[in-house]
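Pasting the structures here.
What follows is a pair of complexes built around chain A, which joins chain B in one and chain C in the other.
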Partner chain A sequence: MSTLSLEVFLGALALVLLLVETFVTVPRKLIACAAIGGLLVALVALFFCAKDAVPPGLVEFYKVDSLALFYKGLALVSTIAVLVIALEYAPVINQFVAADPEKTKEAGLGEFFALPLIVCVGLMVMASAVDLITIFVSLELTTVSFYVLVAYMRRSASSLEAGVKYLILGALSTGLLVYGMAWLYGLTGQMTLAGISDKITHWQGSTAPLLFAVALILAGIGFKVAAVPFQIWVPDVYQGAPTPVTAFLSVGSKASGFIVLSRVVTMLLAKDSAIAPQTEQMLLIIAGATILFGNLAAIAQTNFKRLLGYSSISHAGYLLLALACTHTGALGFTPSEIVAFYLATYLPMTFICFLVLAAGRAQGINEDIAFFRGLARTSPVLGFSLTLALASLAGLPLTAGFMGKFFVFFSATLEGNYASLLIAIIGAAAGFYYYFKVILAIHSVPEEKLPAIRLSALSQTLLAILVAAIIVIGVYPDAVRNLLVK
Partner chain B sequence: MSPLEIIILLPILAALAVWLGAPARLTSLVASLAGLALSLVLAVQYQSHSGSGMAFTSAHTVLTHPHIQFAVGADGLSLTMALLTTLITSAALWSIVDKERIYYIASLLISAGALGAFLTTDIFFIYSFHELALIPTLLMIALHGHGEDRRAVAWKITIYLGVGSLVLLAGLLGVVWWCSPESGLTFALADLKPVSSNCKTEALINLNFFVLLIGFGTLVSLFPFHAWAAPAYASAPTPVAMLHAGVLKKFGLYGLIRIALPLFPNVIQTPWIQQALLLMLLGNILVVGFITIYQRRLDEMLANSSVMHMGYIFLGLAAGNALGQNGAALLMFAHGISIALLFLLCGKLRSNLGTLEFSKLGGLATNAPFLSLTFGFAAFASIGLPGLANFAGEILVFLGAFQSFSEQGFSMIHVVTILSLWGVVMSAVYMLRAYRKIFFGEATTGLFITDPTPSQRVPMFLLAAVLLVVGCQPSLLLNLIQSAIGAK
Partner chain C sequence: MVTLNHYLIVSGMLFAIGLTGVIARRSILVIYMCLELMLSAANLTLVAFSRFHLVDGLPDYNAQALVFFTITVAAAEVAVGLAIIVALFRAKHSVDVEAAGKLKG
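Showing the complex of A and B:
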């Protein structure tokens, strides 16, 4: 079975759900459940999808290697998690969408549950995209859906503000990306990455125009993955967007940016590439700046969601560093695989934080860190899960987050890149402070007694799976390696 | 399943059970005493059966490239450290009375981290387990500690230890890089080969060793990376102070003996590294020693004294011979027990009197003869009185440091050793002064203390007995240690 059929299936499902939403009055939660069901079916089916099973005629544009399969799995899992979080968050959506929230209990929920499916299709196609057009179309499919989702709460000023910021900067980045692609095509006469790679290895003449094109493309994708200096939109958009969407941006959008970046950078840093050293320099500088900015700016944050925004920037920095270090043979991983591994560790810990945030918000708890004081007393299970997730984000050993950092640190060591290693250490040290700050708040004695946060059975299941994933990956990292390297 | 895995898992499972609502005191005491009994049995078994090499091994691969195993195994040194950990854990848990669950959970987790670090034989897990203590320590000091500035102190220890462990991680990755066999990178200690340097790589290897020294040293409060230790111990709740000063701090030294010294043989005798280490440890002994003399509160004095005594252990390592290392290992054990006992007594005084300022205390011996006797016992042990455990360790350290005298003539290490000897005088000054001031002299009005109840005496008695037994018969432990390090 080809993975393309899964993408067609999910796209069709999204359209059907949108039609149902419009013409039939069903409880909106059913739409979410149908979407989750469809995604679960696709996830199971993914295990039966063969590598390299590509319909004839698409071979040049669409590649199904183990990396693509892994990213497709990541996309499916994150979309499922996002929908579960969205169900938890539904009251808030209704409150800010409906003209009269008391009367119309489910206003606007249908599309909110269906749109993530379209994003997911975009992410899945992107995982396989190996030519410029496919990359661009799938990237736009997700980005345009995100424009809608970020600004979804139309009666919330901060959501609208986030939407406008994301739209303008997103459009700008798309422009840069297309311009870069145009240059690349103009220089090489090729649209497929394989073709371009071939031209670059036998490049004669000046590399300046090539570097210009590469810089534009890096800038364009830099916006998507929140790399410095293209990260300015992140804190505001993360804070303003509906929490499930923020979670999706943080994991899904980042993953999609990194699969594209992995493929492009692998091509540029190939052994005989004419511009490998310069590209590496660019990546290292961006990575170092991103790690430092994300971690140091996070120290002062008091809003948990915003803090996670900066944390997301910092993790993008580590991921970029991993991409730039190419001497990873001894680790049994290519740089792209290290990035994929890191993203797999990043997924559970980030979703736990956003799940708790969403559930708390729906039950009247603000997003300030101060409002989480005493969570470990009122809801011990949530307190424990959040502690674990934050410890993992900080990179404490025996959690998933450490394994991700471990590979990044190790590849920088093998590269002999001690300056980057030092920066990574500084960043991680700052991380100890701002993540532990939240942990300390969770375990503190609150000034006034908080209401306990309750989770639906579905969310509890998700939480249990995510917690288990953090511990299992942290103690038995081969679990992910076996999925990744087949 | 190896019995060592059971020792490591016991406190983790107990912590989980307590979190889920099992009776806290009973569960944690049963778990810790079972761990103590088990490690005692294993130590005896080890000595009577094999007596050398790694025993009770078991390994499960968790990552194929680079090769990482959850591998357990113990030799004499690991077993000594495991005994130290389980002894102090039992005493610390026993001493907790009427406290919240988090006291038990945190103590058990810290203990599990230490046991895991001492009993695993894969660098990855040795490193990982140590970090298990970081969050419990932060929470316990920040939320249940003493003193106005406990939050600042909690952050200080967390950041220091966090940065120290990241530096250590970089150093350990270097170890794996230098010492792995050609078949591929591995973290298994058994497969790592001691590095053989040539002129090209020598500088890098020396640098790597120094990074390890700083990384491990920060965790042991090596001067000048010691600023976190004294305030943290002074503010920490009693069980955490006992476990941290008694056990966890020894991890850095254990790591040096287990990883850095054997895999980078003779690098410690590189002139600039040895001189730097000697200067730093002299800072521990003399600078911190003077600071200790000037303390006005018992908890701060004890905390500083524990930082100071780390200098002797480093001296044993700097000597670069087996004698010094044997002494260092023995002193690690002895110091752990004595400082844990002192913090236990200090906690008792604090909870009963509400103050630990020397100026407000006096004449407590009249009504609390047992407390006075035990405190004197621990204080004398800490000074290094012959017949108590610390003396045996210290004398070996000094002998080890002087051993190279005949070959090299008079060199820096001998000067440092002679200066270090004055540290013993300083210890005597502050310990005896504190002892006299608190327990003898004029009784202050309003402050009154009676002897602890029989139940509370159990952990004190346990630790004091160990000090006496090991002091009179150091060969009990020394045989174990020598089987791991070598006797010469």
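Showing the complex of A and C:
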């Protein structure tokens, strides 16, 4: 079976759900359940998808290697998690979409549950894209859907503001990306990454125009993955967007940006590539700046969601550092596989944080860190999960986050990038400070008693799976490696 | 005789004007127009490169396919973007960038 059929299935399901939403009055929760069901079916079917099963006419544009399958799995899992969080967050959406939330309890929820499916299709196609046109179209499919999702709460000033900022900067990055692609095409005469790679290795003449094109493309993708200096939108958009969408941006959008970046960078850093040294320098500088900025700016934050925005920037820095390596295998991983592994560890810890944030917000607890004081007393299970997730984000040993950072640091050492390694260590140390500040708040004695946060059965299941994933990956990282290198 | 370089200079100028507008202008609508200008610059570049890169005596149509996708995507982006800007106008009665400047830190 080809993975393309999964993408067609999910796209069709999204359209059907949108039509059902419009013409039939069903409880909106059913739409979310149908979407989650469809995604689960696709996730199971993904295990039966063969590598390299691509329809003959599409071989140039669409590639199904183990990396693509892994990223498709990540996209499916994160969409499922986002929908579960969205169900938890539904009252807040309703409050800021409906003109009269008391009368229309379910106004505006249907599209909110159907749109993540369309994003998921974009993410899955992007995992396989090996041609400039396919990359562009799938990237835009996700970006345009995200414009709608970020600005979804149209009666909330901060959601609208986040939407406008994401719109302007997203469209700017699209402009840079297409202009870069146009130049890359013009210089090489090729549209496929394989063809371009071939031209670059036999490059004659000046490399300046080539570097210009590459810099524009890296800038365009840099926006999507939140790399310095293209990270300015992240804190505001993360804070203003509906929490499930923030979670999706932070995991799904980042992962898809990195699969495209992996493929482009692997092509640019290939042996005998005419611009390998310059590209590596560019990546290392961006990575160092991203790690420093993300970690240092996070220290002063008091809003938990905004803090996670800066944390997301810093993690993009570590991922870029891993990508800037050219070795062919550290501990059995290529650089692209280290990035994939890191993203797999990043997924559970981020989703736990956003699940707690979403459930808390729906039950009247603000997003400031101060409001989480004493969470471990009022809701011990949530307190424990959040502590574990934050410790993992910081990179405490025996958690998933530690293994991810370990591989990144190890491969930077192998490469001899000691300056970047030093920056990464400083960043990780700063990380310990601000993540543990939140952990301290969770375990401190509150001044006034907070209401306990309750979770639905579905969210509890998700939480249990995510917590298990953090511990399992932290203790036995081969669990992910076996999925990645099959 | 109009050569490839002429097209590239014009499209480069379009791109630069668009980028300057995005950075310098204060009205979100004008910024949005400048963004469209940048996409048009990219399209012009693609068509020019395609016209001067002959494959079997014909222009290379791969690049022109991308132009059609860019136009379509730009249309979708405008549809969604203008809807968001209208929503912002309803909430703030202004489309100045100042209207979207509350989130900071």
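Rule of thumb we're sticking to: the second predicted complex is superposed on the first by the 484 of 486 C-alpha atoms of A that agree within 3 Å, B and C clash if a C-alpha of one lies under 4 Å from a C-alpha of the other, contacts with A are read in each partner's own complex, and residues count from 1 in each chain.
Rule of thumb we're sticking to: a residue touches a chain if its C-beta (ideal position, glycine included) is under 8 Å from a C-beta of that chain, and two chains touch if they have at least 3 such contacts.
Every value quoted in this text rests on a predicted model; they were computed, and no experiment measured them.
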item	value
First (chain B), second (chain C), both or neither touched by A:D65	neither
First, second, both or neither for A:D198, with chain B first and chain C second	neither
Touched partner set for A:V148, first chain B, second chain C, both or neither	second
Which superposed partner A:E106 touches (first chain B, second chain C, both, neither)	neither
Chain B versus chain C as contact partner of A:G189, first or second or both or neither	second
First (chain B), second (chain C), both or neither touched by A:L160	second
Broader residue contact with chain A after superposition on the shared chain, chain B or chain C	C
Touched partner set for A:F136, first chain B, second chain C, both or neither	second
Chain A-facing residues of chain C, complex	15, 18-19, 22, 28, 31-32, 35, 38-39, 41-43, 45-46, 48-49, 53, 60, 62-63, 65-66, 69-70, 73, 76-77, 80-81, 84-85, 87-88, 91-92, 99-105
Complex contacts: residues of chain B adjacent to chain A	19, 61-66, 68, 70, 102, 127-129, 131-132, 134-135, 138-139, 142-143, 154-155, 158-159, 162-163, 166-167, 169-170, 173-174, 177, 184-185
Residue numbers on chain A that touch chain C, as the complex places them	132-133, 136-137, 140, 144, 147-148, 151, 154-155, 157-158, 160-165, 167-168, 171-172, 174-176, 178-179, 181-183, 185-186, 189, 191, 235-236, 239-240, 300-301, 303, 306
Of all residues in chain A, those that touch chain B in their complex	330-333, 380, 384, 387, 391, 396-398, 402, 409-410, 413-414, 421, 425, 428-429, 432-433, 436, 439-440, 443-445, 475-478, 481
